[in-house]
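Next up: the structures, one after another.
In the two complexes below, chain A is the common chain; its partner is chain B in one and chain C in the other.
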Partner chain A sequence: MRLILHRLGLYAITAWVAITVNFLLPRLMPGNPIQTMIGKLQSNVTPAEVRSIQLSFGGSLHSGLVHQYVTYLDQMVHGNLGVSITLSSPVSTILRGAVPWTVGLIGISTVLSFFIGTIAGALLGWTRGSRLDALIPTATFFQAVPYFFLGTVMLMIFGSELHWFPQLGAYSLNVSPSWTWAFVASALRYGELPMISIVLSSIAGWILGMRNMMITMVAEDFVLMSVAMGLPRRRVIWTAARNAILPSIANLSLAIGLVVSGALLVELVFNYPGVGDLLLNAVENEDYPLIQGIFLVITLAVLAANFIADMVYFALDPRTRTEAQS
Partner chain B sequence: MSTDAVEQVVADEATSPESIATAAPTPVLQLQDFCVDYGVGARAVRAVDRVNLRVDRSKVLGVAGESGSGKSTLVYGFTRLLRAPAVISGGSALFTAGPSREDSGEELIDLVGADEATLRRLRWTQISVVLQSALNALNPVVRVGTLFDAVYRAHRSDMSRAERRARSVELLSLVGLNEDRLQRFPHELSGGQRQRIMIALALALDPSLVIMDEPTTALDVVTQREILNKLAELRARFGFAMIFITHDLSLLVELADEIVVMYAGRLVERARARDLYESPRHPYTLGLLNSFPPMHGARHELTGIPGSPPDLSQLPSGCAFQPRCPYAMDRCAREQPPLAPLDEAGRYVACWLHVAGEHATVPVELRRAAPSSRDGGSGA
Partner chain C sequence: MRALRLPHSPKVLLGLGITVFFLLLTIVGPYLAPDSPNNTSFAPNLTPSWHHLFGTTSLGQDIFSQTLVGARATVVVALVAGLVAALLSTVVGVAAGYLGGAADDGLSLLSNVFLAIPGLPLLIVIDSYLPVNSRSNALVIGLVISVTGWAWGARVLRAQTMSLRNRDFVEAARIIGERRWRIMFSEVAPNLLPILASSLLFTVLYSIGAYVTLAYIGLTSTSVWNWGTMLFWAQANNAPLSGEWYWFVPPGVCIALVGTGLALLNFGIDEFINPRLRESGLTARQRRQRGLPRRVRLGLTPVLRDAPVRRARVMDASKVSS
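Showing the complex of A and B:
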């Protein structure tokens, strides 16, 4: 427990540093971003918008940096991330609309890819040298093909030609977003093809990582011991896999952390309303409040994922517990 | 040593291959022309070459030799724990499965031909193994108690949770450990404690044969001594047979009833422990003995063996030891000496020096009187 609190403290400090950098970056850039924005908006600027821009950067332009910083933190704690210039609505509202789509699609795909890949890798590692090894080049092929190409080809074949999957968007235009069965079913149906494409393109890493660790573990004495002890085959494989999975868990935490930032190419190819798409538009339009808001969410997500991964690691590998305590 | 009690019943049966089947003491294990190759086909390398040996019930067989002499391959071979590319390429390994609790009556099983189910039934209930490095041999992410539980679950599914725990506590106390160790992870224990746990684990199901693969090599001498004493005590109490692998002959002589010396995958000498120690007959055995300080007795200069063990894929012609042997003769490079009986005491040696008519005089250091012929074979 003390260990968890200690970790939590470390993460709090990291989060604070990240937030501060997020606050400082626009201020360190050459020129004045606020003037640039107002300039870009030309005659369309309303006093409310000027105020919103100022607020998003910490209030009045003429107050000191420290005052701006305090205001920024205060606004952030209250969930106020400013107002997007291009979309003219609060950043928090925009994010609430985009993040669930990205987390749903990329998150589920990443977890699926991890599970399928890791299980396949464990079996391939165990049956090393068997015919199953032929799976590996196939999997690496899909990872080696540039994603935009793979995605486009899949969309063309399975969407346009064969009509197996609906194309473009996150849900049918006949339903509106709500927690109804019709909508959820539609969202799942629209998510299938992007999900398959993501799993296909990312699974090789999981397979190879797990297979290699598994091969290393199978050569370990404690696996030999579990054979010598006459444990059932499933127990023996589990003994090896249980130890082999640790590096994959670390990689999963990194992958999960990056889920929120979205898979830009996936969202572009499938016209999916996620964070990646949003970030691209925000950068193109120099929409600073939105960029800052997205960065903040990504940072916090990465930190949260790392924290969870740490906890999982503590639970799975007793050796990390003593090391962290000493 | 407390092994004396057991040694009193040493029967001096001649253990020539022909008489093995009818010899009076029950053999737990008999290897006949046992061979292990690494790889198959033309490029196969023979790591264990036509080994014949037997281990009698409640006896200790020592296996000595340098690294790479094939001693570990031999035991992993007949226990069927070898991994590719190693394959058993010939011979048999007859194991007498002792009367277990439920089904009484003995059962003779050839381990070489045994299927997975049979092997799994024998493993740990009849044959258990202690590996050299207990740190590597204990699953790092599992508590000690869970390791014990895994063994009971696999073989004694009728044991209740309380019975399993009671048995684990009993086993730990046997090796002098407190029951709180059950809650520990392997990395939280010292090297000696880990090896004790390995030994306790090996005895969990009362096996009739325990294989010790250099169990003390990774430990400091003090811990080594403690473990050996503990082993002797446990053996006197439970009477399991043991195969003890080491490169330290002086350690074996106190523990083993019989010792075999391996070189390049073959047995070069086989004798009762005391005989082998006091009066080695093979030049390689002599070299090994001169490489280690004796546990007791007068000091003498350690000489070691010149050169290094041969590459098994390019064995020298004739006797494999011949290039390193100070007594090598012409014939040694031409013909491989067979492991032949030397005297009535059940001693075997594979060396041309001891073949009559081949050499006028056997070097004096290789014909010292054996203790058994001096004092009637009382062992220690």
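Showing the complex of A and C:
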């Protein structure tokens, strides 16, 4: 329980740091982007909209820094992330349309990549020294390929040359978003190639980590013991793997941030209408309120995912519970 | 001082070869380039041939020259970022691990916060506020990248320092009255070297990825040629969908090769630290020469006999988490 609270505290502080970075950056950076932005807007928006932008940055720029900060925190607490300059609608509304796509895409591919990679790593660790070890440099190569580059290559080969998968977007233009079977099937079909790209880019880390732990674990006495007891090979592998998996789960919460970072760019390659695509468009148009809102939402989502991963780890590793009691 | 031994494992030798090759390319690449990367005087969209080894872009630029010239900026920024990040993580990690108490709490909190914030989105936010003229500055970009990349190394180094702090030889040095900084640098630091090297490799690897990504989304100056900028132009001109693979494959493969080289080198460090992994890096022939069983049997992971005795121990990730 103490550990859970400790973790919660850490994530709360992290969220606060992210919000504060968002607040301070536009004020500390040379060139005063807020003034530039408002100047750029003055000609084609109503004064009310200018006021709302000022609000989302923490009140009028003429008031003191502390007052701005308090106003800013207040806005954040109420879920008001400001108004996008280019799309002229509230950032939170825009995000509501994009978040489900990203959560679906990245969520499913992370889970797939973790399970497939861990199982493959356990088997590679068990059969170490065999020909299967040739897979390791290959896996290392895939780990070093940037997500977006692999996505680009996949798109060219399987999308535009072989036509095995649809090329761009998240669903066919013939269906409209709704909870019908036709739409869900189309969304899944369009999600396949981006998902395969993300899995291929992220799987190597799980394979290599699990393999190294498995090699260490196989040398433990309890594995020798279970072989000596005559347990079926499959049971023995399972026993060793169950113990070797803990560091992988401990790393899960660290890896989520990296996977999300990489996967956001895959959306750009495939024109997938998620948060990543939105972020990169916002960067291109210097839409600062949107950039900051997206950064905040991504950070909070990653923190939530981290917390879930931590909980799984605490549930699986009895050592964390005895530590908490002492 | 033990003589420097070349690693036995072919994986590690391959990694060393790749890394040295690209380091050389960084130095001589721009001189070897047959044309200026900005020269648009060639016919557009030429497929690879003897005149243009990697073909030309749709603007008529020579892709081979762009790749050679782009090596320098990519590697230089990654090295700057990697070195700064490694320095930061050493200072924070060793101080936290050695000092303990409130200093440790504060520094650990700092690195845990930076670990939890997703790096790339933070990088994008910071970078999008940078004035355009400093986006072409390798030093500025390198520093910004290092801010998001130091925390993991700090965490690993802290754990290792903590475990070293209570070893007998450190205790002995303390008892005979060695000064604190002397213990830190002469007793603790040498035993951190493998971990430090490995965290340097990782930060350089991370920095290459981060820099190339920033360039790919157009957040670095497009007037500086690097592999990310090449990918940016290829994407902007729809090269993947029009089948112009020769435009984006060379820079992408270079990035992946550098990354693979660094990661394979890191295997060498892992095997150096953990003798059990060392045995698994040998080829069949090397195994026979050493009189090891061809197939490793259960419970018998042989530790090579000529292995140097190391005090450093591999960290169990589950014990590292604070």
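Just so we're on the same page, the second predicted complex is superposed on the first by the 277 of 326 C-alpha atoms of A that agree within 3 Å, B and C clash if a C-alpha of one lies under 4 Å from a C-alpha of the other, contacts with A are read in each partner's own complex, and residues count from 1 in each chain.
Definition applied: a contact is a pair of C-beta atoms (placed from the backbone, for glycine too) under 8 Å apart; a residue touches a chain by one contact, two chains touch by 3 or more.
Keep in mind it's a predicted model, so treat the numbers as computed, not measured.
Peer 1: Quick check on the superposed pair: does A:L265 touch chain B, chain C, both, or neither? Answer first, second, both or neither.
Peer 2: Touch status of A:L265: second partner only.
Peer 1: Could you tell me if A:P232 is touching chain B, chain C, both of them or neither one (first, second, both, neither)?
Peer 2: It touches chain B, and chain C stays clear.
Peer 1: Between chain B and chain C, pick out the one touching the greater number of residues of chain A.
Peer 2: Per-residue touch count on chain A favours C.
Peer 1: Would you check which partner chain A:L224 touches, where first means chain B only, second means chain C only, and both and neither mean what they say?
Peer 2: Both partners.
Peer 1: Quick check on the superposed pair: does A:T140 touch chain B, chain C, both, or neither? Answer first, second, both or neither.
Peer 2: In the superposed model, A:T140 contacts chain C only, not chain B.
Peer 1: Would you sort A:L279 into first (chain B), second (chain C), both or neither based on which partner it touches?
Peer 2: After superposition on chain A, A:L279 lies in contact with chain C alone.
Peer 1: What is the contact status of A:R242 with respect to chain B (first) and chain C (second): first, second, both, or neither?
Peer 2: first
Peer 1: If we overlay the two complexes on their shared chain A, which of chain B and chain C does A:R319 touch? Say first, second, both or neither.
Peer 2: A:R319: touches chain B and chain C.
Peer 1: In the superposed view, which residues of chain A touch chain B and also chain C?
Peer 2: In chain A, positions 129, 219-221, 224, 227, 317, 319 sit in both the chain B and chain C interfaces.
Peer 1: Going by the contact rule set out above, which residues of chain A touch chain C in the complex?
Peer 2: Residues of chain A touching chain C: 10-11, 13-14, 17-18, 21-22, 25-26, 29-31, 33, 128-130, 133, 136-137, 140-141, 143-146, 148-149, 152-153, 155-156, 159-161, 167, 212, 215-216, 218-221, 223-224, 227, 246-247, 250-251, 254, 257-258, 260-262, 264-265, 268-269, 279-280, 283-284, 286, 288, 291-292, 294-295, 298-299, 302-303, 306, 317, 319.
Peer 1: Applying the document's contact rule, which stretches of chain B touch chain A when the two form their complex?
Peer 2: Residues 79, 81, 83-84, 116, 119-125, 128-129, 131, 133, 136-141, 143, 150-151, 154-155, 185, 187-188, 201 of chain B touch chain A in their complex.
Peer 1: Can you list the residues on chain A that touch chain B in the complex?
Peer 2: Counting only chain A, the residues touching chain B are 129, 219-222, 224-233, 235, 239, 242-243, 316-319, 322.
Peer 1: Any idea which chain C residues touch chain A in the complex?
Peer 2: Within the complex, chain C touches chain A at residues 11, 14, 109, 112-113, 115-122, 124-126, 128-131, 152, 205, 209, 212-213, 216-219, 231, 234-235, 240-241, 243, 245, 248-249, 252, 255-260, 262-264, 267, 270, 274, 276-277, 280, 287, 294-296, 298-301, 314, 316-318, 321.
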